[in-house]
Structures are given as structure tokens and as C-alpha cells.
């Protein structure tokens, strides 16, 4: 099967950021993204599903440049004050030219 | 810790395909899979959770051949008409012989 | 964007183990984790969302040693009797020193 | 009440207002969201409730009283779907699969529109035959099947095998709940039903308010996509309910239904499916664009029927029964 | 009513029919699904409701009237669990952990079966003691604990430490809601309870209809696994409720309960847990197969009690009270 | 009833007891969990219900009767927020952003506290003005806005642009549902509202029991974090409702509200927001610690008002109306 090597950017953040992060990704070149609900724990304490405490988990398959731009933007705008983690790894994508 | 190098196939697709894709995976050699709910956006527009618009996110740990067969089948049967993305990457799996 | 190479440990297990696995991870050096709901199928049969049959999906970004310790502990304590799968792969993490 | 008062009575009912609130909330991009599970819970509840109430009533009718209305209903489903398909192909030059998809949605039925109609008839104290919920179940399926056949034969049938699609439609949750509710109601009977009536009868109208809030939110969100849809299809989404409704009221008259019954059959024919049809079409006609029929059904036809269609077909049924006054 | 009419009355009640609808829907592989959160919401509601209603009533009884029934209930829980464990080990040669797992499920209790029994008794206008909900709470725990002890001593006790498991059972949601509801009801009293009665009393039976739809769906899905379970265990899943029910009715008689009370105690003893026991066994006896007891409890014993056990134990209680007629 | 009986009546009401059950369940670390979607469903239901009931009543008042209470309410919101901000900065030396965050929470309002107050007033048969729900909507916003302005000007305003935050607050679900409900109720009127009353009126109090169970669970979980919060802030979380409540009752008296109305305005002023304010503050003042105000609002101020504040402000309102007895 012919696949294209691309990057998968994964972000977990407090849910109030959900729409904003999707918007940033779109504006920085992501052609799509997938969002799911999560809870979690980190340096900013437990984020259970109680009153306003949920997380969103956002994944986007993007080219390496877009991946870099997205991480850069998140680190600059959201890492100082918000509960958030972001990481990236290599994936091989079917019909990958669609996503760059 | 001894682990086995295998492939993780991840598929996000419109929810009407959920059972079908699991069935395909099973028939092509996946010994198991994990399914979760997601929403998302892509070339076929926003798939929110409204009326019939959700996505499923399916993951299967499989050997490299099965991974190839699964992607091949998905590309052939579902990519033309349905909202779907599929990618694969390397993982190291505990007790990995169970999954091939 | 400067990122740190780390490990992402992913565990899918029957939901009764949820809190226990998070606790193990914390005690073995994970600085945080993300939890979501899933269903699935494996050697122990279908784990649908019906009465008590759900799975949890737990992810933790950790250093390579902690990853090893976590897999070791899970294999020892939970693999014999419980429905569970665990795997690990490399990720590049923003602000990664926070997680080791 | 004169026609204008009837219209006002309908527009100021809590369910229509609640739909409007949903549209407004979507329009100001509020974070208001009806949880998915609440939406599912309410649709299960509403379908089961109309089924059970219909089942309790149905025993009061002889089969001979129901058979003609039933035949008329199936004929309506088939007829309107074929009519729509032909019109969309010829007049609007829509592709075969997309015309079939639309025909499946518009020939089938929306149970919530039926419920809104029952509420309206109650509010204007116009009784209707108790077996009407059974007709909802009957009207749901035929149009979907004929439309799939039309669409697949015109497009060399890609998609799931027809047998699998039929199975999927018949075992779909709206049929299971409607028909299951009918059977439960008929077997239990009025007396054994009464202990569960506080949930399934008394709360019915209130539940509809919350359900219509979600419908309004969805319609409001989808309304943004309307500008991408050609004007021909927008006209279709209003013309189809008018024509179907006229046929429905007429068919009701023909088989001897009361004014309430004629109104209901008109509203049923005028309504477009947004649950059973989309799922069936996605599997049976995957090449069809799934967004357009759903957007038209929810953002145009549903509010049209809710606000205007119901009192209009009531008026029409009155007129057919009594002649112009 | 004669015995056959009582049986018919039970089989045609909306809750039994709704369970059957669920089974049928699972059987045709319908996409009907009760959302998880609706299922949880309904179980919270039902447990809190029986607790609160019991709490309101309990103040009308002197402690001395309750103490013997309470002792009988604990003895029933312990006795039936030990009996089952012995039978399964000896007669069916089931492994120690699996026998213990089954004993925990069958010695404990299903609150929904209790509710179905109350509905039945109301329908046949047979009153029962108001403190019975307290017995549900009492019957839930002892069997689980004794079975875990039996299973762990026979298998050198892997699994979580016993203390942790006990804590988990006692703080489990069914105990918290039942006991919490009892306390709320007892403290609030009839008058302060009345404003919340429209939710917790009037809707109770309707809610059960939807809950049993989900139970039916689950039972129907699990029924497919029955063919992988040996015939010995299938017989156990019917014999156990019969024997337990007989013991329960007898124990009720012994401590002076009314016919309704005896029926209820019989049904409680006959019922098998599918919430508290599975969770506790999974942690306390992880080597036990978790699927078999749950499948038997939901797909065999629950429907057996729902359809046949309840009228049967009622009959038995009548017979014990009045002699054969 | 004397003051102690009123207090007892309140403490033994099912809603207060249910809150206590939630706290206890969290304390024993029960696995009891109110599903997220049930929590959302209940808040949608409760907000819509108070809105609609208020809307139905509001038509009975002349605008001139409402205008002064409305002005008093806005003044209360602004005044208490500024007061709190000043006190926290000066007396407790809290940072500007954290003081502003607290001021936003405490100047705004908790709709559930309002509902609990209405229940209490009904139980003690003290009527209150029907337009009070409109005041809830009015009190929600001003404090949040002024606090954000104060916090941002003191911290050189990082965070989202103020316009976006205001939009977010005004289109937030609590405002949309409250105001939307008011409009629906006012347009529909009493007669058209009556068919939906079984859901929106009769079940109201029961629904609150389940909602407060979740509030109790949350408060109980958050209570563990209280030991990490300084004693100054803990005192604030009790002193603020006392002072605000006094101001609220006084303001009510000033604009001529009844005893029930004064009590309600006092309780509204005393309550702290835990829905609208946290979301707005997170976006408008991201540097503020989001945990502290939420923990104080839910785990200290809410239970304080629920158990003691409501009867206390009632007492105060009586005293102001009748003089000491």
C-alpha cells in the first residue's frame, strides 16, 4: 500500500481551548483534525469531567512545516497559562497528498 | 521490558462505517481493536456530533502484512465515497505475539 | 520548534482497572496522563459499553525508563487476568523536560 | 378560531418558540449544546411513547377501518418518492443518486413532525383517529426502498447489497421503537398502560420542547450551509411539502379519515425524514451527497411544516370537509 | 384472580413487554441502543427512588418489627451463597474461583427485580411492608463477602487485598444510593418528601419501562453467548432462583411478613446481582471468568424471575399463608 | 414557625439532604458518578424551567414595577464585585488577576441557589414576585464584566480580546436558556404553557434533588483542595455571602420587594457563580488560578447559602419588614 510519511500532531488541553486550537490549526495549514473527549492529570492538577474540568484531545495529520508552525503557536499562546500538552510523531498516511 | 515491534493502524471515519470497518479488520487478520468516539473536520466538512454526524476512531495493533491489507481494503472500498482518514505507525507492544 | 524525544505509553484495559493503572503510572514516574473512554474487542471477547463492559484508554508521555517500568509492572500485575493491551512509541514533545 | 388565530396559536406554542430559540442560539454561536445522550434519550422516549399510545388506541378500531388508510399511506410513500425523483431529474437536472437520496428523505416521514401535529390538533381540540401512529411506521419505509432502487438502477448500484440495506432499515431504531411500542400498547391495553402514563403521556409535550430546542440548534447550524445549495433545491424543499401535503390530505379524505386524520396524513406526507433515510441512503447510495438532503429536511422543510404546514393542512382538511366558508 | 390470570397479568405488563422488545431488537441486530448515560441516569434514579420511598415508610415501623426480617435477610444472603458454592463445587465440579464468583452473584440481589416485584404487587393490589427496600440494601453485601472469602481461601487469594474489596463494595454506588435514599426519606418524612414525589413516585413505573428495554437489549446480546455455557450451569441459573425463592418465601413466613412481604423476600433471594457483584468479583477474584455469571444473571435468571418467578413466589406465599385452595 | 424550625425545615429538605449525600459519597470515595450528560441535561432543564415560569408570570407585572428592582440588581452586581475586588487586594493582598477572578465569581450569581431559595420559600409558604427569574439573568453578567475590566487593567490585559469575552458571556448557555425561557414563557402565556407544565413545573423539585446530588459530589471532591487554600480566602468565602446577602436584602427593601422578594435578592447577591464566571474568567484572565474561585464557590459558599444563608436572609427580610419581634 502506497502511503505518505507525514506528522501527527496530538494536543490535549483544557476544553475551553477546544475551538481556539482547532481554529489555530486550520489557519496554520491543517486540512482537517479529529477531536475527542478526555480527562487527565498533569501539573495543573486533576482535570476530571466535573464542572468545566474536561480536556479535549485534538489530532491533526499535517506536513512537517505545518506541524512545526502549530507547535510553535501553541507554545507561545497557550502553554504559559493553560493546561495543555502537545507532541508529534511520524505516521504513514493513505492518500497523504490530501493533507499537505 | 521485552516488546514486539508491530504496526498501529488508526482509522477515523464517519460513524455509519464503524461496524463495517471493524469487520474488515477482523477478516484481514486483526486479533482485536479499540474503538472510541470522535468528531472532526476534513474535506467532507464538519462532522459534529449532531444528527448522524459523528465519527468513530478505530485503532488496531497488527503485523505489517495485516496493516497493509487493511489499508489497501479501506482505500479501495471506502475512500471514494466516505469521510475517512487512515494512517499507520510503528509501536512496541507488550506480549506482542498475541496480535499477529 | 524545539521538542524533546520521549515515549508515549498507551494502555487500553477494562474499565475496572482505570484508577489502578493511573495510580501505578504516577507511582512509577509519570508526571501526568490522559484518559478517555473506549470499547473494543480482543482475546477476552467483546467489551462493549453494556453493563460494566467498557474500556479505558490511558496515555502517558514519559521518559524511556519510566516507560519500561510501567510496562513491566502492567505485564506482571494485570496481564494474566485482565483484558488489557499496552504499547509504546516515540514522540517529540513540546516543553518535554516537564515530563521526566 | 379563524385561520389567522390558528396560525398565531401555532406560532406561539412553546414547541415552536423553543425551536426558534435553538435557531437563535445557533445564530449567535452560543455554547449551548444538547448532550448527545439526551438527544438519543428523547428520541427513544418520543418514538416509544407515540407507539405505545397508538397501540393502546388501536384495539378500538376494527381492522377493516384501518386497511384503507394503510394502503393509502403506502401509496403516498411510493407515489411522492417517485414524483420527487422524476421532478428532480427532469426539472432540476439533479444527478440520479442525488435525486434518489432526496426522494428517499422526502417520501419518508419525520416522527417529530407527526408529534408536533398531534399537539397542534389537541390545542385546537380537533380529534384524530387513534391508529395514526401506525401509519407513521408504515410511511417510513416504502419511499426509502423505492428511492434506493431508482437511484441504484440509474447508477449501476455501488454501495452495500440491497438486502443488507433493507435489513438495516427494517431493524432501524425508529421502526423498532414505533412498531414495538404499538405492540406493547396493544397487548398491555388501557388499564395496564395507565401506571406508565405519567411518563409516557403527561410529560410528552414538555419533552418535545427540549427536543425541538435541539432541532432548532441543528437547523440553525445547518442554515449556514444553505447558501451553498442552489435555489432550485431550496424551492423544492418548500414545494415538495406543499404538494405532498395536498396529496396527503386528499388521500385521507378519499379513505374517509376525519378532519384531524386528514390533517395528520397531509402533515406526514409533507414531512421529510432525517433519521431513517439518511442512514439508509448513506449505505445504499454512498455516492450521493449526504449533506444536502439532511440540510434541506432539517433547516427548511421541518421548520416550514412546524410553523406553517400544520395549520395550513388543517385549514385544507377543514375546507375539504366543509367546503369553503 | 386465579394463578393463570396472575401470570398473564404479569406477562402483559408494559415492563415485561418492554424487556421482550429489547430482546427482540437485539435478536434482529437493530441499531437501537440505550445511551450509556441514560442507563446510568435511570439506575441512579431507580435506586434513589426505592431508597427514599422506603425511608419515608420506615418511620412507621418500630425497630422491633424490622429486626427479625433483617436477620433473616442476612442469613438468606449468607446461606444461599454458601449453598450455591457447595453445589457448584460438588455437583457441577466448577473451579473454586468460578464457583465463588457465581455464588457472589446469586447470593446477592438485583434491585430492578425488586422493583418489578413491587410493581406486580401493586398491580394485583397486594400490599407489602414499607421497610422492604432496606432489606434490599442488607441482602446485597453479605453474599458477596462470604463468596469472596470462600473463593480466595480455595485459590490462595490473588487479587486486591480483601479490605480494599470490602471498602469498594460498601462504597459502591448501589449501596450509597439505596442507603442514602433511605436516610433522606427517613429524615425528610412524608410531608417534605411530597414535593419531590411527582418525580420519584409518579414516574417510577414509566422509567422502569425504559430501563427494562435496555436490560432486554443486553440480555438479548448476551443470549448469543449462552450456547458456549454448559447445560449444567444453565440448569443452575433456573434452579438457583427456584430454591432461593422457596427459602426466601419460607424465611419471610418465619419472621411474620405479610403475603406481599414473603413474595418480595422470595423474589429478592431468587434474584442475582449484575451490578455490585460483578465489580467486586472482578477485583477480588480476578482469575474468575467474568462473563459467565453476568450472562447467566442477565440472560437467564433475570427474565426467569421477571416473567415467571414473581407470580410463582406470590402464589407460593399465598399458599403458605392460606393453605392450598 | 420560629427561626430554629425554619432552619430545621430547610436542613431536612430532600434537596439539602441530597447535597449532603453527595458530599458523603465523595468522602468515602464511592464510585457513584452522575453522568456528564445527565448533569448537562439537568442544568438545561432547570434553567429553561425557571426562565419559562418567570416568563409566564412576568406579563402580570407592569414594566414600571420591574424597572427599579432591575436597576437595583445591576447595581448589586457591580457593587459587590468592586467591593470584593478592593477587599481582596487590600485586606488579603491577593494578586490583581486572582482578586478579579474571585470578584467575577462572587459578584455574579448561581441559578441553582436561586432555585433552592424558591423551594424554601414555597415550603414556608412565603410568596415572591414572579419576575425574579429575570433578575437572575440580569445579575449574572455585570459583575463578570466589571471584574474582567478591573483585572485586565491591573495586569496589562493578556487573554482574549475583551469583545470576544463579552460575546462569549452573553451567548453563554445560562444566559441563552434563562432569557430564552423568559421570552418563550412571556410569548406563550399561561394557557399555552399549561400542557408543558407537567415537565417544567411538577418535576422541578425532584430534578433538583438529583442535581444537588451531583453538586454534593463535586463539592465533596473539591473539599480536599480546601486545605491548600489560605484561611483568609476561606473566611472570604463565608463573609462575602453574608455581606452581599445583607446588601441584597436591603436593596430589595429599598425598591419595595415583598419579604419573599427581599429574601431572594439577598440569596442571589450572596450566591457565587460556578458556570458562567469560570468560563469567562478562563478566557479573559487566563493568568488567574482557575481552581481557587471554583472550589470556594462550590465547596464553601454554595453549601453555606443552601443550608444557612437562605433561612438567614429570610429571617433578615422578615425582620426588616416587621421589625424585631
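Going in written order, the chains are labelled A, B, C, D, E and F, and every chain counts its residues from 1.
FYI, a contact is a pair of C-beta atoms (placed from the backbone, for glycine too) under 8 Å apart; a residue touches a chain by one contact, two chains touch by 3 or more.
The structure displayed is predicted, hence computed values, not measured ones.
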item: Given chain D and chain E, the chains that contact each of them; value: F
item: If a chain touches chain B and chain F alike, it appears here; value: A, D
item: Contact-richer chain pair [D-F vs C-E]; value: D-F
item: Far-end chain from chain F, centres as C-alpha averages; value: B
item: Chain located farthest away, centre of chain A as origin (C-alpha); value: E
item: Approximate Å spacing (C-alpha centroids) for the pair chain A, chain B; value: 19
item: Where chain B and chain D are represented by their mean Cα positions, the distance between them in whole Å; value: 35
item: Sites on chain F at which at least two other chains make contact; value: 35-37, 41, 203, 279
item: Chain B: positions in contact with at least two other chains; value: 36-37, 89
item: In contact (per the touch rule at the top): chain pairs; value: A-B, A-C, A-F, B-C, B-D, C-E, D-E, D-F, E-F
item: Residues of chain B defined as touching chain A within the complex; value: 10, 12, 36-43, 55, 57, 68, 71-72, 74-75, 79, 85-89
item: Complex contact set, residues of chain A against chain F; value: 14, 16, 45, 48-52, 54, 80-82
item: Chain E partner contacts - residues on chain F that touch it in the complex; value: 9, 12-14, 17-18, 21, 24-25, 28-38, 41, 119, 122-123, 202-203, 205-210, 213
item: Partner chain E, residues of chain D touching it in the complex; value: 35-37, 40-41, 44-45, 48, 52, 168, 170-173, 176-177, 180, 183-184, 187-189, 192-193, 195-200, 203, 279
item: Touch list for chain D against partner chain B, complex; value: 36, 158, 217-218, 221, 274-275, 278-279, 282-283, 286-287, 291, 294, 298
